[in-house]
């Protein structure tokens, strides 16, 4: 319920608990709206837009990390996939995914009790309506600024999912096949789990239907975005198989060093920067000052993740591998994304530390299992995203978020979000349920997609051996990344 | 009227229509100011400053795109022009351009009815004053935060104009000649058209004087910034002539691939990021929540532009040329800049798509005409900027912006901003008028400048053949971009 | 007093002078809080968080500048120090430095009259408490969003200090020794001078104890951050000694050109961008609209600094050296950091111009004295930071900041911040005192640290000759910056 | 003594190096080059304008060996570098008058 | 068989290649090098300190040709690479004992 | 005429160049190469997987000199490039049939 209901609760209210939640009704404020509420709503909307802009900029970060960690001969192609995915996923989401998840079409299949109306707010008592009517209001002149701000934030999150597999599948993926993934992800892949959780679907309601804490809780998307993206990254990497030369004749993995370490590190900084929008603006409101706690927790997990990764990889292999330092910071960021609003700073530090170790061990484990992930996307997003989902069920301190997903107990009291370490076990159940769904249903969805696409595509979705050995830049893009 | 009046209307008002517009009078709020208005004004000013900061950061984007798309042997020089232009244009604008366009000196010559006073607000009934008096108040201790915030936003826009020709004129322009352009652009070139439009000059008044819709309407500067910059880019490229080797003995253009494709793509991401400040903060107010619509439309045009460019260039030449994907996204961004507040999301998508095709065809056309533009600046900024200006007259849906430029009809009713597709033809007339002025008067201004400078400069403004063939880095900057 | 008191004064108040300053008491607003005040506080907190995020992003800027200006063979290592320092300093500050400077432990030793309580606000009449009790409240569930927002801003500033010596000590510093510096800086080095000034310590109180103007005034840290960082940079560079080959057998310095000039220039743009957060968000409040003046002054000093540096180095050596243009812009930024809120725009321009010349001359001077600073960190941060501190005492116009540090005269009137050029000499005295303390006590602290560490470390803190000549990337990081 | 120069496909470098190592070769020097030959020579378009890619990336290996070791070295390279596809490259052999190890000043066979 | 090595100005590479191609040369190998010679040798300042730029970018072309084709190849290169200005570069010719095409194992003239 | 090729440690380039210059050598050509030899051959780990670094960066200097100047040039290089540590590199000498200066067409000793 959070993400869509946020518009009602966050934009409309919280400006002083005593004030009624009023709707943003158009581009100018109606005279009868309390000016404080109007100003609060406008400021809240600003925060959502700034947050969206920061998340959009994360695309640059992913592009740099993935390109820096792959080979020179593929640099134009890897960069281009990360560039093109922004538009591809966006178009899929604009025309299909968003209406599907949040429009009139979705409310029975996907979990919205009522369709969104033209103002981008759940209509009170709206009638049954079809995709082409309410669903496309966000494209017409009745679309309110609030709806469009919400769309922008959502589309930016979707694009993060879309770009994760470009990392694990890099250096051996046909451009034409990649393009279809981009459209598919925006149109269908991302919206599904998003609707089940943030769309108010059955996982969000598990507090009611299954008595699990406050239902599945994922503040900014360790699960909805990162684990879901990581699941697709794993599925795609399996279907493609490892790069030529990644595994020796003895089956032992061989390192294929990235061609530009500073580029990858710059990308990680860009991601850190954008992540503040990803997490802190997920309050959807300036008036919910928890955004400051979220921002601090995000930074703490990132910093601790990077430091622990440095020490841990030095302990493991003798040197502070820059690749692993980057993965460590990203691991901390991914893992804190779900719990960032619900945990204390000490817990943010602990989550960052655990995630860093987990990421390093996962990179090694996944590689030993014969899966080739050039940038560590599966470990960082898949594994640490899953850990982040569970971390809510472990570390949530119950201070913030009571009544999440609209959860109330039999007495009508709002149910707090509280983890195992604070004495509750139900929340961990809801989180585990979400994690299981991601790694069964959602993973299966991605795996099926890539398998079928591989079948249907002439020659499969994998680049030819010639293109792969000589580098994808010239054959796919017509130009080398670095001329002369 | 918009840009300068914005301070009065936006910073002062809109916080609840019932409240009187009050002025920000100093660094602390006077006790008698309504606290809601004061907070609204402060928040609006914050948005202007954040917007300005984002636009300043676009300099990095331009620098990366232009450097990435040019040759390795000139990389330090091209990067340095993009770096230095920020300060050069800034200094010209700080001491001459800003007072000229918005200070006391301007109001008769440039269109302000009254000079700005020390508070940065049009003085009510101000007397005739000279450049050195009112005009320089922005440098003294009486300069208000609001005036300085406005200055910062304006200077950032000016710098965008200044940096556009560094792309089309790259790799063969003498440093010393370039420096003069920077100062000239900030001092004189940019302020002229800006004063005629955003400064409340004759183009803004064409609703009144010529009965053209709401007068020339350009929300964030497809025309005022991009087409004006593109006109200078064309003028400069013509005066310099093509790079040695760009055209074969048969006159056919030869590709000179950029030396760093990932760098250019990173630059495009930076521009996308900054563009949200460029467009969305042009509401000059958080309280005008249309900023959210603007932000979404901006993203939509960018995404669709990039996708259509990918498909279109693949259709044209067989491969998804990264250079054209970048140009396609930028084309969408440039074209949506004028109409972003006035059109529906579907129209933003259409504008992005058309702009992408237009940019690609223009690159090809301009090159076939013997003009060498290493980065596509003329096509992207000039052509698509002009299209953006016209797009207002085509796609504006009339929902937002009634009374723009102070336009009222005979009955005293605010005139809506409405395009041809919504039944009005007058607005398109105003836009066409603006476009014509850019490509005659303003282009002539730039062309005359470069021609005269070329005459007056010993050896002309073009680099020597030796410097050009061996690369400008060592002879001009004293250091190669990439040592060893 | 500023930085810590800011929470009380800025977050709590200023929303209309007539309203009482109320405290942010938790994650939701208590019903009895005036909604305008609550909204103002929330918006102020947003500005602090956005500012912190921008400052965090400056790490990327430092990383790019330092890596670009050093050699290819060390690029992975230099980049990695700048990456790792973020986490290392952060961890030191999180667990030791912050509690020390702003927690319960500090108030007698460091200058806080009272310890901070769990809300991050000085408790009124709080009892004597220990490090482990109040001091660690920022890690527990009682930590308020306001406290954590404040922490985030402070930790970002600390990291800037920590990263400055990685520039002057680049290319010859052992990784393991560097790591210890990072932890030390966050835990002890930065907090000391910060507590004496922003922590309300004896330098802040010099208006009272020594009758010096309004006491030591440093708006955003020309001294507290940059000169303090520059002092460490000098100390470290002396202890390490120059790079092999930096000085010829004749003792004359030889240039060692940076390996990637565009990278360094990109870094400078990133720093410019982030600096707006550094300076403008140091109002700690949107409701203090001086942030707009600060932002404009920051841009002016940067632009003028870059332009003057270009002209000055061309005059000095014949060409517009990109390295010096970058240093010139950074010099302007560093110098304006302390006075940005207190000076007129013309003075910002003058400060930028002087700083640029100062930086260039300092680079030359320092090198002639046999100190090797690969990126100019000592000149830019140390020298220009010191100049910035003094510039407050010269250029402050008295318009803003009366009563800084709580300074009142005998009549109980707030003392204005006014410089020599506006007729006051006391402020310059306070500033000079601060500068002297930095270059004696604080420099000594850093020098002692590096000297002792050098003694205690087997083989010293300097890399082996073999590692240095062959490049640190493989021996230290295990991977080259640029594979093949 | 002979200098053997081999121009091969980049991804074959490790194979060739390992194969040579296995035959007892203890030193060689390699560099990045671009090759023009039967392979390559296709036209690409960049920003709408055409350009010819006549050169393909190659790696050049140089090794000085004793006269007696030439044949085995050549055969080893041939075997390891071959893919059977066009563009596999060339090997040429040139006579060397002197070879010196800088460190020790040794000359001739000892210097190899 | 002879190995012709030419060190030329970088922007002349395409001209030389095209000229050689026109004479029927079907293969060559080129690499980026830096040249020290009469050209160059100026002093620049970077961050205030001086440094000498003794080396200028050059491109080195290597091609193995049949003995009979040496003169024409050398003349072709000379003509195509010449600008008449200092720094145009050098050509040198060395005798080749063997030439092998890796793909087919052909030797000698057939391998060219 | 002889072609002297020296493979040396990168940081020795300037020393060698200056030393050769001092002996009156007016031209040479250098390129970046990677060397495989007794030095090097250590294993690193990147992202947890091992890889062997068999090649170390070297610089290759080529200079054509008159027969009479060979010994002095070789000795000069040897002296200037030597650190006494493993990996200092090699020098080899090959006979040159012809040398041409492109600019003037001069041949032989005049072309040096």
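For this structure, a couple of remarks:
The first chain written gets the first letter, and so on, giving A, B, C, D, E and F; residue counts start at 1 in each chain.
One rule holds in what follows: a residue touches a chain if its C-beta (ideal position, glycine included) is under 8 Å from a C-beta of that chain, and two chains touch if they have at least 3 such contacts.
Model, not experiment: these values are computed from the prediction.
The minimum number of touch steps separating chain A from chain E is 2. The set of chains in contact with chain C as well as chain D comprises A, B, E, F. Counting C-beta pairs in contact across B-D and across E-F shows that the higher total falls to E-F. In terms of their C-alpha centroids, the spacing between chain D and chain E amounts to 17 Å. Inter-chain spacing, taken between the CA centroids of chain C and chain E, is 54 Å. Between chain B and chain C the centroid-to-centroid distance comes to 34 Å (mean Cα coordinates, whole Å). Centre-to-centre spacing of chain C and chain F amounts to 48 Å, using the average Cα coordinate of each chain. For chain C, residues that reach two or more other chains under the stated contact definition are 36, 39, 43, 50, 257-258, 317-319, 321, 323, 478-479, 484. Residue positions 31-32, 44-46, 94-95 of chain F are each in touch with at least two other chains. All chain pairs in contact, by the document's touch criterion: A-B, A-C, A-D, A-F, B-C, B-D, B-E, C-E, C-F, D-E, D-F, E-F.
Of all residues in chain A, those touching chain F in their complex are 252-258, 313, 316-319, 321, 323-324, 327, 360, 363-364, 367, 376.
Residues of chain A touching chain B in their complex: 24, 27-31, 33-36, 38-39, 41-43, 45-46, 48-50, 52-53, 56-57, 59-60, 63-64, 67, 75-76, 79-80, 82-84, 86-88, 90-91, 94, 138-141, 143-146, 148-149, 151-152, 155, 175, 179, 263, 476-484.
On chain B, the positions that touch chain E within their shared complex are 73, 245, 469-470, 474, 478-479. Those residues of chain E lying in contact with chain F across their complex are 2, 5-8, 31-38, 54-55, 58, 60, 70, 74, 77-78, 81-95.
Residues 9, 11, 44-46, 53, 56-57 of chain D are the ones that touch chain A when the two sit in their complex.
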